[in-house]
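Each structure below appears as structure tokens.
Here subunit A shows up in two complexes: once beside subunit B, once beside subunit C.
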Partner chain A sequence: MYLFLCIVSFISVFPLYWMVSASTNKSAEVISGRLIPGTYFIENLKNLLTTQNIGRALGNSFKYSIILTVVSLVVCSLAGYGFEIYHDKGKDTVMSIILLAMMVPFVATMIPLFQMVSKAGWLNTTIGFILPTISTPFLIMMFRQSARSFPHDIMEAARIDGLSELRIFFQMFMPTMRSTYAAAMTITFMNAWNSYLWPKVIMTDATSQTMPMVVANLTEGYVTDYGMLMLAVLICTLPTAIVFFCLQNAFAEGITGAVK
Partner chain B sequence: MSKSTKKLTLSKKHNLTGWAFLAPGALLIFIMSFIPMIRALILSFKAGVGANMNWCGIMNYTRMFQDKVFIQSIKNTFFYLIIQVPVMLIFALILASILNNKDLKFKGLFRTMIFLPCATSLVAYAIIFRSLFANNGLVNLVLVNLGILDQPYSFLTNTTSARIVIVIALLWRWTGYNMVFYLSGLQNIEYSVYEAAKIDGASAVQSFFRITVPLLKPTILLTAIMSTNGTLQLFDESVNLTNGGPANTSITMSHYIYDMSFKFVPNFGYSAAMSFLILILVAILAFLQMKVGDKRD
Partner chain C sequence: MKRKILAALLASTMILSLVGCGGNGGAASTDDGAAATTDEAAPAADDAAAPAADDAAAPAAEGEETLTVWCWDPAFNLNAMYEAEKVYQKDHPNFKLNVVETPWDDIQTKVTTAATSGDLSTLPDIFLMQDNAFQKNVISFPDVCADLTNSGIDFSQFAAGKTAYSVIDGKNYGVPFDNGAVVACYRTDYLEQAGLTVDDFTDITFDQYLENGKKVLEATGKPLISMQAGECDLIMMMMQSAGASLFNEDGTANIVGNDTLKVVMETYKKLKDEGVLVEVNSWDEYVGSIVSGDVAGTINGCWIMASIQTAEDQSGNWAITNMPSLVGVSGATNYSNNGGSSWAVTTNCKDQALAADFLASTFAGSTELYDNILPSGALATWAPAGDSDAYGAPSDFFGGDAVSAKIVDFSTKVPSNITGVYYYEARNAVATAITNYINGADIDAEMQTAADTVNFNMGQ
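Right after this comes the complex of A and B.
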């Protein structure tokens, strides 16, 4: 059993280890199969910075992803809270219609969305990037599920104390649901950072391209500089990996809440 | 009397507050999901470029079934779906039930390592696998040095192997993700159930099929629907791992739709028709899975 787990873990980790070690070696060394970290890291970084505007792509990716995550968390948690705390027949019906949207594949809405965004003049903008995915059925469902455990008597007490409904949400619900927010943040940030098809469609300008787009561009051409390429892949992976590691436990907890 | 009217207005007020809370999220979903879906349906009956779109009846739909590349892309996508999804889900279930064992050591470490691939971006892992399976990549190097191959095998330019590489890459990326869902689901099952089964003489395999699978059914259903939906929309891997090649034999439906709308002369009507077919396929498969999921109750 341990052997099996070790093999699976090895397969899971090895490609990532290879990526890290390749980013510190010369392309020729990578091809010759060198698996130990080398000393070519700075050189690869220099090459990468001269061929591609990594700083700008990173800046774009961070900007789009962070704004999307913040807006999306506020909108979806408000909605999930509204559906659960004030639920009645009408709202439950709307919720089940919204859940149907989970089945709508993105490609099926992509072309009308593109037409809409380009008509509004939002190509190459943050708003164009975030609009289609601010509100997702999955996040609303997650927050709705977690609002179920929000104690009703605390709400009543707060109401008697004269707190407005909005303040109950911001001052009481938000702080108590920290783990749900952490899980939602992990999922949204990762999805935003990793999204590729939608930015490829609307980010027609080189100046507004995201990190994954730039990394994909690097593979075009006849000779691949593996050291440089793997360094770019590494830089592209680090932000999501860091977010994941920091919020790992909250992520698992939040998923447990959603699965219940 | 006055008290009851006051109560009524208060609950009415709460009712309205509720709608206000959920309005932005709900409206966005309607505007960004349902309305574009309907517009895609309308678009699929039109032909032309840019603003010059004219009604063309079901021409786009008849064209679809004569389009060899599109038919190929459906076949490819279903190849990925039929092979990858069941293998991945079974594998994830087995891993989750092993990691759920209370006596296991280094549980957290194993869990983290197996989940680690999910932290990589889709483009990033596609490029890693493309590099590993390249002609001068590590996999060929190892196979040649071990004497299994005489010369490097061109994995990405041979149809079958290109498809298999995509399946391997998908398995690597998503198994851990589904495993986390199962692990979370398993936490809702009392561990004493397993201990009781053990005392009654049930083997690990028996308790897997008799306890784990039935109790995890809702989660299995959820992951099956999510994976099916995801696989039918495969794009990043097809673009960055094999670029649809060789000669479109590993291209996915989404990749072909993208090429049709944004790479070549834009043909939004035809693309909308193809994308609507994906929508219908997703709906049918989700419906079938829910039916199957219900039956076993």
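Right after this comes the complex of A and C.
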């Protein structure tokens, strides 16, 4: 049993190890399959910093991802809460329609979205980036499910004590559902950070490029510097890894729908 | 009642949050210096950074002349554009380029999105296009590329096989840039062990290549060439070396009954069966097999030499020559092409005359430019560049040979072929056919299946 787990975890961790070790080697060494860490890290970093504007890309990625995560959590949790707490037949139908929208692939809506964003003059802007994904059916559903386990008795008690509906949401629902928020935050942040197709279509300007776009830039061309590429991938992976590790416990709880 | 108030409150929170981030977005983008803001008047100027706004205001004025360019390789074509900017600035001090690094796949997505949505304002003034995709894009999206035929660029000075990629219905839509002439590279130290020299591989046929390959395999245990499985780079190079295509002039598929294709597939299988050719799983493995000395050579577009030269320890042990020719095929030559790209001017360009003049005085008119970009491995297809001293300089890595001049000479002898709209679909279909054929399937049946697939893709 443990042997099996060891093998599986080795398989999972190996690519990460390889990424780190490759970022410290020369391109030619990476290609020839060198697995041990080398001494070329500083050189790779220098090359990366001279060929790409990493600082700007990281700044853009952080800006877009954080704004999208915050806005999206507020909007989706309000929606999910509303759908569950005040539910009636009409709202259930609307919810089913929203869930159906999950089935529509993004590429199918990309061109009309692009037309809208372009007409509104939002190309190369944060609002253009976040607008299509502020409200996602998945998050609404997740918050709706977790609102289901929110005890109605407490709400009634709060109402009798004279707490307004909005304050019930902000002062009681939000703190109770911390783990759900943590899980939703991890998912949204990762999706926002890694999103590629949409920013690639609307970010036509070099100053608006995000980290995944910079990584893609490095893979183009007749000669790929693999050491430098792996370093860029490492830099691009770190923020999502940090977010995940910080919220790991809450994430596991949130996904299973636990209430504290 | 209470519920209604709550609903109104929730709705207003949502709207407020949207407006809040809207303001944020606008402010942030201004910080970044981007021209696009939430202003309604922005769409016209949203394709470029701040200079484009000036451009839109006074396109042909004496003031600043700025062009936006999309291309993808910092060491290669971005560098070439910056050098071209310097050359052009000598006569046009107000000229400026805004080069945006954009991978080719992204350029294709952006062009497709812009053309499909009918909003070409997002396109740059000039972009670099893969030669194999040129006809597809011009035919599928006729509004995107500007016709450069009478723009003052002398296309006759480029290799005919190269300009053919960007000529559609007799009109020129692209200014050829980098050279994709095929070279055969060999490890001379391995050849020596088999008692051969690179001369034994020059002007030969694939039959002789196979015989030589067996000798090298016997003496060193190394195959002559590696190729990526499931890709048909070599197949397409072999096809073009005889001027053959997967399409007819009228755009219909030319696969069933294409004798050249049949010979090519048979030759490929023979090489594979004898162990002279070894297949690898990915591009990285392919490059790895060359630089780590697992194979004795390769055949590819001349740009592969840049990858080979990363193996500094092998300096002096490499040589290049022309590729083998097909046997029993009319029009067979030792020259072909793989890859390469050309500059296209978009119809969104506010000052097309400036863009054309810029290209005419640089990529189609400056030996100085080509000399300057030669160290980065960018070889010209513009014939006059090949005569310069820089191109005649020997390369120590390739045994002191004047490889640059040699490649420009190769490129002038490449037969032209037809790529058409469905080039990539046809390539994929043939790649499947060759994989099945190697694994023992019937060649005619596989060619028929490939033709059916391509016809299905074309909606026929």
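Note that the second predicted complex is superposed on the first by the 255 of 260 C-alpha atoms of A that agree within 3 Å, B and C clash if a C-alpha of one lies under 4 Å from a C-alpha of the other, contacts with A are read in each partner's own complex, and residues count from 1 in each chain.
Methods note: a residue touches a chain if its C-beta (ideal position, glycine included) is under 8 Å from a C-beta of that chain, and two chains touch if they have at least 3 such contacts.
Here the structure is a predicted model, which is why all the values come from computation and not from measurement.
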Fit or clash - subunit C, subunit B, common subunit A: clash
Partner chain(s) touched by A:216 [first = subunit B, second = subunit C, both, neither]: both
Partner chain in contact with A:125 - subunit B first, subunit C second, else both or neither: second
Partner chain(s) touched by A:93 [first = subunit B, second = subunit C, both, neither]: neither
Partner chain(s) touched by A:106 [first = subunit B, second = subunit C, both, neither]: first
Touching partner for A:171 - first (subunit B), second (subunit C), both, neither: neither
First (subunit B), second (subunit C), both or neither touched by A:19: first
Which of subunit B and subunit C A:75 touches, first, second, both or neither: both
Subunit B versus subunit C as contact partner of A:51, first or second or both or neither: second
Partner chain in contact with A:240 - subunit B first, subunit C second, else both or neither: first
More subunit A residues in contact - subunit B or subunit C: B
Superposition clash, subunit C against subunit B - the stretch among 74-82, 92-100, 110-118 or 200-208 that is involved: 110-118
Set of subunit A residues, in rising order, touched by both subunit B and subunit C: 31-33, 75, 78, 82, 86, 110-112, 114-115, 134, 165, 197, 200-201, 213, 216, 219, 226
Footprint of subunit A on subunit B - complex, ascending: 14-15, 17-26, 28-29, 32-37, 39-40, 43, 95, 98-99, 104, 109-110, 112-125, 127-132, 134, 136-138, 141-142, 145, 172, 176, 180-181, 183-185, 187-188, 218-219, 222, 225, 229, 232-233, 235-236, 239-240, 253-254, 257-258, 261-262, 268, 271-272, 275-276, 278-279, 282-283, 286
Residues of subunit A that touch subunit B when the two form their complex: 1, 4-5, 8-9, 11-13, 15-16, 18-19, 22, 31-33, 75-76, 78-83, 85-88, 91, 94, 98, 101-116, 131-137, 140, 165, 169, 190, 193-194, 196-197, 200-201, 211-213, 215-216, 219, 224, 226, 229-230, 233, 236-237, 240-241, 244-245, 248, 251-252, 255-256, 259-260
In the complex, subunit C residues that touch subunit A: 2-3, 5-7, 9-10, 13-14, 17-18, 21-22, 24-26, 28-29, 32-43, 46-49, 72-76, 98, 100-106, 109-110, 113, 116-119, 121-122, 124, 284, 287-288, 291-292, 303-304, 306-307, 310-312, 377
Touch list for subunit A against partner subunit C, complex: 27-28, 31-33, 51-52, 56, 60, 63, 67, 71, 74-75, 78, 82, 86, 110-112, 114-115, 118-130, 134, 165-166, 197, 200-201, 204-208, 213, 216-217, 219-223, 226
